[in-house]
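Below, each structure is written out as structure tokens.
One chain, subunit A, links the two complexes that follow: it is found with subunit B in the first and with subunit C in the second.
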Partner chain A sequence: MARQRAKVLPYLMAGPYILMFAIFAAYPVGRAIYMSLFDWGIFGPNAFVGVANYLSLFGDRRFWSSVGVTTAFAAIYVPMIVVASLLIAVLLHRRLPGITIFRTAFFIPIVINVAVAAIAFNWLLAPDVGFVDQVLRFFGLPGQRMLSQPGWALFAIAIVALWTQTGFMVVILLAGLENIPDDLYEAARLDGTRPFYDLIYITIPLLRPILLIVMVLSIVHAFQIFGEVFIITQGGPYGSTTVMTMLLYEEGFERFALGRAAAIGVVITIIIASLSFIQFRFFRRQV
Partner chain B sequence: MSMRSGLLASVALCTGMFGIVGTAEAGTVEFWSPFTGPDGTAIDALVRQFNETTGAENDVSVELLIIPWEQYYTKLSVSLASRTAPDLAVMHSHQIAGFVKQGALEAYTPEEIEQAGLVEAEYIAPLWQAGEVEGQRYGVPIDAFPRHIYYNKALFEQAGLDPDAPPKTGEEMLDAARAIAGLGQDIHGAFLPVTGSGATRNFYALFWQYQDDLYNADNTDVAEGFAESATKALENLKVFLDEGLAPAEEVSDSNSLFAQNKIGISLMQITDLPVYQTAAADQGLEFGVAPIPQFGDQPATFALGHNFIIPRGTPPEPRQDAMVFVKWIGDNSLAWTETGKMPAKVTTLESPEFQALPEQQIVAQSLEYVRFPPPVSVQPAIDRVVQETVEAYFAGQVDVGQAVSMMADGIRGELAKQ
Partner chain C sequence: MRRAQIIRWFVLLVLALLWFTPLASLVLYSFAPPAEVLKGGFVPTQWTLQNYWTVLTDTTRGVSVPQGLANSTIIMVCQVVGILLLDIPAAYAFARMRFIGRDVIFILVLATMMMPGVLDIISLYDLMANLGLINTLAGVILPGLPRVIGIFILRQFFLEIPREMEEAARMDGATDFQIFTRIMVPLAWPSIMTVAVITALYSWNNFLWPLIVTNSPEAMPVPVVIAYLSADTTAVLNYTVILAAAFVTSLPMILLFMLGQRWIVSGMRPSSGIK
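And then the complex of A and B:
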């Protein structure tokens, strides 16, 4: 009896998670794959079209443009957040009086809803009337038009995402830093190294597993970015911030081509899964 | 109370609640509209008036729900998908074909049109036609809002121009803008939106002055001559930016700038009228309106209109009741036109009350040649393509040849998705 209970117990413990995973992850993914094979409108499937939705996407200039914009966003955002969160984590990993206040301060943005953050940045960066322009005008400088210029608009979105997500990455990195023995830094100090070399030769090499996780999470976030784009630029100016999720929204909720929208979702999933696999496969060895 | 009886009581309560929420009372028409601000106040007043008069006489009560237009179509489509759509709703003319393709709208039958007393001849022809898709009627027009110009009479006088002679041609508008811009003091000769739907609509307005059709006969490609007409339309708008006569960058509130006598001529639409009227009353703004100047070979301007549509699944009884309201609004739309709209009915247009509205009756001249976007299901997506291209051209990211080529390719791509 006791043996049987010991056998069943792990499944019971895992049960709630498996149930939640099945309802909120496995089913939606399966449903999206299923929908992507149909011409699916407001009222459900109209006709089975096989891979026609995918073929139509691959022949669509806007789709490739959105892939390019998303990749460009990832190229801006991922290095920024990895470097910024590493530097902040190293600075916060000190036993100084009041350091927890700073740690909390950096973590706070993560609990702020993305819509609130995006609206706040929209106000800050609004041309002419935004806070940033008012400050610039106070110093006699011309106003910025970050949100109305293609490259800058994408950069502005990256800044908002950086602000909201850095705190979470810092917490992960701080946990990794806690596991690096102090002896290594003391030995380096005895050898006469400078703090910068501590970072290069001790901290970064030993943090590689955690940095890998931070990179994977950042790439996943970069390919899923939506709220910031939807609220701040709606994909503009002239499509320069139309990331793949924005195109998915347009196809699904403006054009009601839910089959095509599901196909975009499946492509995003495949891209994210492939990039994560590649990173784990090739960088884990070095780690 | 045992657990079982408690559960039964809860179920009964829930069933009762859903009964109240889900089933409308007899004679009740649930009506959704995207109108807010002065439009929202006006439609609310009209609904109240209907409920107290004709509605009460016919045992029909309209329940109005206002959903801001930014969320309107998303909520309407979700309500359609979940079979909780209203009995009657408002829809922009260019959206109708897309919803029809989804099977989301009920066609008005000729019998119910006749029974409700709606007579085609009483409606302004292009507005009535804008509610048709493939020979079936899905929309009954409420109004139209064409593009036209507002001009600043005080700046006209300062620049030595006749404030009672607004420009009638593209050349005249350019000359007037040059004269007004010459006043200096950060005064812009003209304002043309360089982003958003305003930029797109101005492009269409000028395009149709050069040729009638955007697409070929079977809506599979752009029309013959598209490139030439699109080039002329784009260049005629861009010259205002290139000469520094109009702001080349997005202006957050052009109407305020106009009210501060910083803009001479504004190429906008009649729905902006209440803002100008308020500025005239509060700030002493002296403004006039005129039809859009003729840049091309023929007079034409862009317009959209609001339509009454019947969502799929509306039961026969509320549908019949809704027709009473649809007819009544058509007959009592003067108050609606006062909020900056053109009436849908000839009878309203010709009424002495409408003729006494100084700005509306001038803009109404353009109803003779007003054009609506073609009724193709992908029109909103095509509008997005045109918008992105026009914005890129105005921002100097592409030259006119690239812009026209991008636009034609994009339109072809969208037409292929029909």
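And then the complex of A and C:
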């Protein structure tokens, strides 16, 4: 009897989670791929179209434009966040007077949602009266109206993402820094090196696996960027911030072409998966 | 302090001030009369609580912040409780019990965790429409329940508990279920707190899915309410009200940050989660 119960128990314990996982995680993933093969409207599937959704995407100028915008965004955002979070983590690593307040400054955006962050930056970047334009004017420069200029708008979105995500990356990097033995720095100090050399020759090489994680997470984030764009620029000006997720949203919930939208989701997933794979391969060989 | 330390301190000070600026400016102007927005300057010259009064009483914009706060609270409580109830026993079973398909299922769960959220957003919407859950709190809550991070953190913890502890309890006549409830769960308390806190954060701040599954105030959580407020073009005249709404709806999470910072940090470290 006891043996019998022991065999049933694991199923009772894991079953409810596995059921929820199957319905609301595994099934939707499979169904996404399935839907991408249909002409699927708001009331359900109209016709099986095979890979036609993908082909029509690849022939669509708006799709390639969104790929370009997303890639440009990643190219701006990823180096920025890797450098900023590494710098901040190294600066925060050792004790200093007031370090708790400094930590709070970088960590508090972790708990702020993207809508609030977008509101805060909308206000900072407001034309003429916003903080940024006022600072520019203080230095005798013209206000930039960053959000209404195609080149600047994407950069502004990257700054918002940087602000919200850096704290998270700093937490990860600080955990990595704690694992580097202090002896290494002391030995370097005895040899009379400068702090900058410590960073180049000790910190960065030993942090490599963690830096890789930070980079992969940031690229994954960059290719899924949505909330900031949706609230601050709605993809404008002139489509200059219409990232792939924004196109997915428009196809799915404004034009109700659900099959096409699902196909965009699949393409984003393939891009993210390939980039992550390439990075892990590339870096593993170098370590 | 040595020279290097002083330089480090000043660089940190400048960066920290930069990082504080967006929120500081938001909070300052949330206490300013609407006209202050057009004046310029970095700090308002007049102060008022009017914006907060408007946020908490006015529903003329079609969405309501108090309703949003209520919705977000219900969603958060349901997801935290639901995820703990699902994850604690499941993580234990994955870590320390044998059952058919255990490893295959766990690999599937991990693989799904790597999938970007945008992959299944469309099919999830379609599924929810078929279930009649569009515009309901259940529609917001349910897809969050299979989140993998809790399973991952708790399983990691349960794996590290030594076998001897379990065997000693069994010698004393404890059943498997008693071992789980009387010994393992109390031991796992710090990991359970971590999962609870990071789930609360996710739940309150999640934006994309609630935006898609809700389109009327009855089910909208606060980030979606904020997005609707800011999209309302007539609201441009009342930007200070939006700032107040943004701050009010962030307060619960700022409080959580102050009380639970160590749980948040431990939930984000590579050793306990995130790949």
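Here is the rule we use: the second predicted complex is superposed on the first by the 250 of 287 C-alpha atoms of A that agree within 3 Å, B and C clash if a C-alpha of one lies under 4 Å from a C-alpha of the other, contacts with A are read in each partner's own complex, and residues count from 1 in each chain.
Methods note: contacts are C-beta pairs under 8 Å (C-beta built on N, C-alpha and C of every residue); 3 or more make two chains touch, one makes a residue touch a chain.
These numbers were taken from a predicted model, which means no experiment stands behind them.
By the touch criterion defined above, A:275 lies against neither subunit B nor subunit C after alignment on the C-alpha atoms of chain A.
When both complexes are overlaid on chain A, the residue A:136 reaches neither subunit B nor subunit C.
Using the contact criterion defined above for the overlaid structures, shared-chain residue A:254 touches subunit B, although it does not reach subunit C. In the superposed model, A:41 makes contact with subunit B only, not with subunit C. Contact with neither subunit B nor subunit C is seen for A:82 once the two complexes are overlaid on the shared chain.
Once the two complexes are laid over each other on the shared chain, residue contacts for A:199 go to neither subunit B nor subunit C. Subunit A has more of its residues touched by C than by the other of subunit B and subunit C. Applying the stated contact rule after C-alpha superposition, one finds that A:184 touches neither subunit B nor subunit C. Applying the stated contact rule after C-alpha superposition, one finds that A:128 touches each of subunit B and subunit C.
Residue overlap on subunit A between its contacts with subunit B in one complex and with subunit C in the other: 126, 128-129, 253.
Listing the residues of subunit C that touch subunit A in their complex gives 4-5, 8-9, 11-13, 15-17, 19-23, 25-26, 29, 37-42, 85-87, 89-90, 92-94, 97-99, 102, 105, 108-109, 112, 114-127, 142-143, 145-146, 148, 151, 175-177, 180, 201, 204-208, 211-212, 222-224, 226-227, 230-231, 239, 242-243, 246-247, 249-250, 253-254, 256-257, 261, 264-265, 268-271, 274-275. Contact residues on subunit A toward subunit C in their complex (touch as defined above): 2, 5-6, 9-14, 16-18, 20-21, 24-29, 31-32, 34-35, 40, 44, 87-88, 91-92, 96-99, 101-102, 105-124, 126, 128-129, 131, 134, 163, 166, 168, 171-172, 175-176, 195, 210, 213, 216-217, 220, 223-224, 226-227, 230-231, 245, 248-249, 252-253, 258, 261-262, 265-266, 268-269, 272-273, 276.
Residues of subunit A that touch subunit B in their complex: 41-43, 56, 60-62, 126-129, 145, 148, 150, 236-239, 250, 253-257.
Residues of subunit B touching subunit A in their complex: 73-74, 77, 80-81, 98, 101-104, 195, 249-250, 252, 312, 378, 380-381, 384, 387-389, 391-392, 395, 397, 409-410, 413, 417.
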